[in-house]
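In the two assemblies presented below, chain A is common to both, partnered first by chain B and then by chain C.
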Partner chain A sequence: MKTLNIIERIEGEAKLVCTWKENKISDAQIQFLNFRGFEYILNNKPALDALIYTPRICGICGQAHLKATAEALENIYKSINEPLYITDKAKLLREIGLNIEIIDSHIKWFYIFIMPDIAKLSKEQKYLKYEALKGESWRKGTYAASESIKALAVFAGQWPHTSYMIPGGVMSDPTLFDIITMQNYMDQTLHFLEKELIGTDIEKYFSFDSELDLDTLNATLSDFKNLCFENDLHILGKSYNSHITLSDTSLFESGRIEVKNRLLVDLSLIDEKDINTFKINEQKKENEYTWAKTALYNNKPYETGPLSRALISNRKLIKNIHKTYGDSVFTRVMARMDELINLVFITKKLIKQIDLSQESYIPAKIDLKDIESATSISTVEAARGSLLHKVTIENAIIKDYDVITPSVWNLGPGIGDKFGIAQKAIIGADSIEKAHIILRSFDVCSVCTTH
Partner chain B sequence: MMKHKPKIVWLQAITCNGNTHSLLSANPSRFELLLNTFDFFYHPSITTEKTLDDVLNLKEIDFLLLEGAVTSNKQFYQISDSSVTDLLKKVSKKSKYIISVGSCASYGGIHAKFEENSDIKGLQDTLNIVELKKLKQPIINLTGCPVHPEWILQTLFTLKEFGVISLDMQSRPKDIYYGLAHHGCTRNEYFEWKVEAKSFGHKEGCLFYEEGCRGPMTHSNCNRILWNDVNTKTRAGMPCIGCTEFDFPRDNMLETKKNIGIPSEVPFGINKRAYLTITGVAKTFKIDRLNKKLIE
Partner chain C sequence: MVDSQDMVKKVFTQKSARIDTNKGEKYYNNLFEKAKQRLSILKKQAPLKDIDMVDVIETEGINRRDFIKWVSATTATLMLPSMFEPLVAQATELMNRVPVVWIELQDCAGNSEALLRSASPTVDDLLFDVISLEFHETLQAAAGHDADRQLEDAVEHFKGQYLLFVEGAIPMANNGMYGTIGASGETFHEHLMRMSKDAAAVVAVGTCATFGGIPAASPNPTGAVGVMDLVKGKPLINIPACPANPANIVGVILHYILTGQVPELDSLLRPKFAFGYRIHDNCERRAHFDAGEFVEEFGDDGAKNNWCLYKVGCKGPMTFNNCSIIRYNEGTNWPVGVGRGCIGCSEPDFWDKYAYQRPMAGANIKAPTGGVEKTVDEFGLGLLTATAVGIGVHAVASAVAGKKSEHNEEE
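Showing the complex of A and B:
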C-alpha cells in the first residue's frame, strides 16, 4: 500500500510518500516541490549585495547566512594572502547575533511547531496547553521567542533580515548600556527556560546526567519526555547515527562521528549530488522527484544539527541519553533543547566578554574590485545544522555561489539503495502522525532544503 | 452570544517566511490581542486544526493575507498540487479584504530576480480586480522585506474598526508610508550638517553619503515604530536598503552611487541643484560636536 501526505508547518510544504508493509512504513520518499533558485539569483550580482540576498534564503536562519556570506568574502582576502583583521569585539557580536537567532528558532520550533503535534498524540486534558494559537504554553513560547530576539535588535537594528555583518567586522557600535540591555533580555529568556521548559534552575539542570532526572520536575521537558515514552518516540526515528559538524564556536566543535569514533572533517570531501533532483531547463527524468539535493561526506550520508553537535562536543546529558536511546526522536529533540539551554548560558558569558574599546569594523586595504578572480568557502552552525557557502568572484562580481544547507544533509533524497538521513529515520513508523513527528524532529525547513 | 471574530486566512507563496517570523516577533501583548480579536483561521506554518481544504470550503474570508511572490509556473512552485495563481484566484473571490504582506507579495521582490522563471510577480498584477465582487477596497500592499509586524496589526485593526483605509499611489496605507524611513533616525543631525560616517561601525555620522542609505528616499516609518520594540537598522549602523519600494532589491545596496563625488540621487522631493547648494553651505560649518566621538 502507498500513501501520499502533504506536510505543512515546516516552513513551506513537502510531500511524504510512504510504502506500508504490515502496518509499518517500509519505504518513504520525501518530496520538496518548490524552488526559488537563490544560487541562480546571486549570479552576476555585486559581491557585497550577497549580504542582503543570502539572509533572505530563510526567514528564520538569516543571521547564519549573513555570517556565512561575510566570512566567505573575508576568506577571499585570505585566499590572496591579504587577510583582513577582525577584532574580537566584531567576532563576538557576530557569534552572539547568531546564537540569539538560534535561541529564538529553537524556542519557536519546540513550542510552535513540534509540541502541538506531540501533545495531540494524547487525549489527556493537561496537554491542551500546548495546542497551537490557543494553548497557554504555546503563547508563552511565542512570548519568550519575541522577547529573546530583542537582544539581537539592540545591536543589529532589527530581526528578521538585518545585514549588520560585513567583511571587516560589524556595522554597529553598541554602548555599555546596550550590552546590559542584551544581558537583560538573555536573563529573561533564561528565566523562561527555568520556569517553563526545565522546571528548575539552570545549575541543577547542568548537574543532570540522565533523562530520569526530568521525572522529578513538572515542566514542559517532563511532559515532553512522558509523551515520547508513551508513544515510542524514544525508539522511533533512528537513522545512521553518523554525525557531522562543520565549524567550531564557543559551544560546538567541528568533527564527525562514525561508529563511535570521533574523526576530523576535511571540507574537500563534501560533495553535493543531484542524481534524484530536478534540473532547471531540462526534461525531468523518471528518478527525479524533488528539488532537494543530497550532501555527502566522503560519499556517505551524515546527520547534522543539535544532536550531532552535542555528541561531537561531548555534552554529558545528551551523550548519556544517546547511549540508551540512540538517535531517536526523543534524543534528537532533547539535544535541541539542551542546546537551547546551553546557548543562553554561553551567550550571556560572551556578551560580558565584549571589549567596547575595540573597533567594530576595520576596512580592507584592497578593494574587492581589484581582486581579479578568487574562490573561498565558509562554514557556520545554523539552528538546523552546518551551513556551507562557497563563492567565486571576479572583480567583485559573483560568478558562482553554492550553498549547502543543513537540511540538504538531513532531508536530501537517498541515492541508489542508500536512504537519506530522514528517510531512513521514518522507516519503521506505525502511523502517519508519528512519521510526521519523526520528520519534524529534524526541524524541517523546506525553503532551506531547496533554496 | 459569541461576538463575530473576523476570519484571517494567511497564505504563503514564494517566500522565505520572513514576514511570518516578523509577525511572530511582534510585541507579545499586541500579538495576543490579535489572536483574541481575530479568528486566525489558517496559516500554513502555524495553525494545526485547519487545512487548505477547509480554506477552499469557506464561503467568506474577511481578511486574506498573502506572503510571498506569485507564479503560475507549477514546475517551480505549487501549493497542494495547485499553481499559486490558480489557488489565489479561487480564494480571492471569497475575500472582503486582500492584503499583500511584504515586498514579494506586493511586487515580486527578491524572488522576481530568479529569471529562470519568467513569471514571478506581485499579487496585484495577478488578480483581476473586476472579478473580486466581495472586495471592499483595492488590494492593500504592505511592502517591506520583511513587513514590520505593527503594520500588519494596525492595518487589520483599522479595517476591522473603520472598514476602509486610505492608500497611496502604490496602494500602500498612507498612515504607514506617508513619511520616510529617514524620519526619526538618530543620525538626522549628521545628515543635516552633511557629516558623513567615517566608515561602518560608528554611532556618529550619516550613512547617506558613502554607505548607500536610502532613508531619505524610502517610504516607511521604521524609525518611528521601532523594530522588535527596540531599534532600527539605521540607528544601529546599517544603511536603509529601501526594502519597502518597488525597485528593491537594487544593485550595490551598501554603497552610494556618486557623480564626481556627489550622491547621484538626492532626498525625495528636493531639487538636485538646490540640494547641492545647501550641502556646500552646510559643509562650511565645522561643528565640533558633530565631528567628535559621542562617548569618549
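Showing the complex of A and C:
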C-alpha cells in the first residue's frame, strides 16, 4: 500500500510518499516541490551582491548564509595568498550573530513544531499547554524567541535578512550600551530556559550525565522525555548513525564519525548528485521526484546537525544518551535542546570578550576586481547543520556559485539502494503521525533544501 | 534605546515633521463617523473566535498603559489624528470579526518569521489570539490533510469576507512546475487564483509577493511574478520590503477593520501611510547628508561617527518606506542604525537595480521617477544633480498615484 501525505508546519511544504508492508513503512520518498534557482540567479552578478542574495535563501537561517558568503569571498583572498586580516571583534560579532539566530531557531522549532506534535499523541490534559497557537507554552516559546533575536537586531539592524557582514569584517560598531543590551536579552533567554525548558539552574543542568536526571525536574524537557518514552520515540527514527560537521566554532569541532571513530574531514570528498532531482527547463524524467539534491561524503550519506555536533565535540549528556538510544528521535531532539542551552551559555561569554576598541572592518589591499579568477569554499554551522558555499569569481563577477545546505545532507533523496538520512530514519515507523515526527526531528526547511 | 512607539508618535504628530499627513478637518470628521458606524456593525456580528482583546489584556497581564501607548502609536502610523485613538482601540478589540487566510508560495518564510515578532503587545496576543487567522500553513495547529480541509472550509465559509494574505512570488515558467502545493499538485498560480477568487481583498506581503522579489532576479529562472501581475478585479494591497514590516501588516488589517476599505494606495498599490515618503526623509543620519558628511568606506571615522551612508551604497533617498521610523524587531533597530545602508528592498527590482554596494553616486542607477524633490535641501540637491542621479520623487510619485489609485477611501 502507498500513501501520500503533506507535511506542513515546517518551513514550506514537503510531500511524504510512504510504502507500507505489514503496517510498517517500508519505503519513504520525501519530495520538495518548490524551487527558486538561487545558483542560477547568482551567476554573472557582482560578487558583493551575493551578500544581499544568499541570506534570502532562507528566512530562518539568513545569518548562516550571510556568514558563508562573506567568508567565501574572504577565502578568495586566501586562495591568492593575500589573506585579509579580520579582527577578533569582527569575528566575535559574526559568531555571536550566528549563535543568536540558532538560539532563536531552536526555541521556535521546539515550541512551535515539536512539542505540539508529540503532545497530540497523548490524551492527557496536562499536555494541552503545548497546543499550537492556543497553548500557554507555545506562546511563551514564541515570545522568548522573539525577545532573544532582538540581541541580534541590536548590532545587525534587523532580523530576518540582515547584511551587516562584509569581507574584511562587519559594518556595525556597537557601543557599550549595545553590549549591555545584548547581555540583557541573553540573560532573559537563559532565564526562560531555566524556568520553562530545564526547570533548574544551568549549573545543575551541566552536571547532568544521563536522561534520568530529567526525571527529578518538572519542566518542558521532562514532559518531552515522558512523551517520547510513552510513544517509542527513543527507539524510532534511527538512521545510519554516521555524522559530519564541517566547521569549527567556540562550541563545535569539525570532523566525522562513522561507527565509533572520529575522523578528519576533507572538503574535496564532498559531492552533490542530482540523479533524482528535477532539472531546470527540462521535462521531468520518471526517477526524478524532488528539487532537492543529494550530498555525499566519499560517496556515503552522512547526517549533519546538532546531534552530529554534540557527538563530534564530545558533549557529555548527549554522548551518554546516544550510547543507550542511538540516533533516535529522542536523542536527536535532546541534542538540539542541549545545544540551545550550551549556545546561550557560550554566547554570553563571547559577548563579554568583545573588545570595543578594535576595528570592525579593515579594507582589503587588493580590489576583488583585480583578481582575475579564483575559487574558494567556506563552511558554517547553521541551525540545522553544516552549510557549504563554493564560489568562483572572475574579476569580481560570479561565474559559479554552489550552495550545499544542511537539509540537503539530511533530507535529500537516497541514490540507488542507499537511502537518504531522513528516508532511512522514517522506514520502520508504524504510523504516519510518527513518521511526521521523525521527519520533523531533522528540523525540516523546504526552502533551504531546494534553494 | 529610543522608545520606538514614542518616536513613531512624535514623527507623525510633530508640526515640523517632513511628512504632511493632514488631510483637513472635514475629511477626518467624515471618516470618523464612517468608522464609528462600521465598528458598531462589526460589534453586532458574532465573533469568529471567542477570545477578545480585553480578555487578552487582562489575562496576559499586559499593562493597560502599554496598550494605550501602542494604540496611540498605531493611530499615528496610520496617519490618523489622535481623535481616532478610541476607535483604533475598539477596532483592535474587534479583530476577531475579520477572517484572515495566509498562504505561502515561492518564498523563504521571512515574512512569517517577521510577523512572529510584531510590535507589542506581542503578536501572539494581537494576531493569534484576537485575529481570526483561519489558515496559516506554518503556524497553525493542523497539518497534512487536516490543514487542506481547514483551508477549504475557511474559504467556503467566509466567502467574500476574508482577507487573503499572500507571501512569496508565483513561478510561471514551464507551466508552473517550479512550485506546486498540496496533495493534488496544484500549481502556485492555480492556488493563488482559487484562493483569491472569493477574498474580500488580497494583501501581498513582502517583495516576492508584490514584485516577484529575489526569485525574479535575472535571469528569473522560474519566471517568478508578483500577485498584482495575476490577480485582477479585486482590491489589492502591496506591502513590500524584505521582510515586510509587521507594523504595516497589522496596520493594514486594523485599517480594514476600522473602515472596511483598503487604505489609500500609491501607484504601486502600497499604502501611503507606510510608503508615502522615503526612508531618507526621516533618517537619523539625515543631518549628516545635509551637512555633506559621508562615510567614505566602512570602518572609517565617518562610520564610527554615524555619518550618512549614501556614498557606501545607501538607497534611502529613492526608497519609499517607513522603516526609519518604525524600525524592525519591535523597534529594536534598523539597517541604517548599524551602518549598513538601505538596499531599497521595498522597491520593484531592488535585487537587480540597487543590490549591495553600488553607491548611487557613480552607479548607473535610474531612479523610479525623474526630477528632484522639493524637500531635498540645497546641499543634497547639488550633490544629487552633480552625480546625475534622479532621486525618487515623492511629489511625482504621488501625482501618479493620485491618478491611478482606484481604491482610495471615499471622502
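Worth pointing out:
One rule holds for everything that comes next: the second predicted complex is superposed on the first by the 451 of 451 C-alpha atoms of A that agree within 3 Å, B and C clash if a C-alpha of one lies under 4 Å from a C-alpha of the other, contacts with A are read in each partner's own complex, and residues count from 1 in each chain.
Convention: a residue touches a chain if its C-beta (ideal position, glycine included) is under 8 Å from a C-beta of that chain, and two chains touch if they have at least 3 such contacts.
Fair warning: this is a prediction, and the values are worked out from it, not measured in the lab.
Clashing of chain B with chain C is the outcome of superposition onto chain A. Of the two partner chains placed by superposition, only chain B is touched by A:T175; chain C is not.
When the two complexes are overlaid on their common chain A, residue A:P83 makes contact with neither chain B nor chain C.
By the touch criterion stated above, A:I7 is placed in contact with chain C alone, chain B being left untouched. Once the two complexes are overlaid on the shared chain, A:K108 sits against chain B and chain C alike.
Residues 6, 8-13, 33-38, 40-41, 45-46, 48-49, 51-53, 56-60, 62, 108, 112, 116-117, 131-133, 139, 142-143, 145-146, 149-150, 153-164, 166, 168-169, 171-173, 181, 278, 280-281, 359-361, 363, 447 of chain A touch chain B in one complex and chain C in the other. Residues 6, 8-13, 33-38, 40-41, 45-46, 48-49, 51-53, 56-60, 62, 90, 104, 108, 112-113, 116-117, 120, 131-133, 139, 142-143, 145-147, 149-150, 152-164, 166, 168-173, 175, 181, 278, 280-281, 359-361, 363, 447 of chain A are the ones that touch chain B when the two sit in their complex. Taken in their complex, chain A has these residues touching chain C: 4-13, 15, 33-38, 40-41, 43, 45-46, 48-49, 51-53, 56-60, 62, 108, 112, 116-117, 131-134, 138-139, 142-143, 145-146, 149-150, 153-164, 166, 168-169, 171-174, 181, 278, 280-281, 284, 359-363, 432, 436, 447.
The residues of chain C lying in touch with chain A in their complex are 1, 104, 106-114, 116-117, 122-124, 128, 133, 137-145, 147-148, 171, 173-174, 177-183, 185, 188, 213-215, 217-222, 224, 242-243, 297-299, 303-304, 327-330, 332-340, 343, 345, 351, 355-358. Looking at the complex, you find that chain B touches chain A at residues 12, 14-22, 24-28, 31-32, 35, 40, 44-49, 51-52, 75-80, 110-111, 113-117, 145-146, 199-203, 222, 227-238, 241, 243, 249, 251-255, 295.
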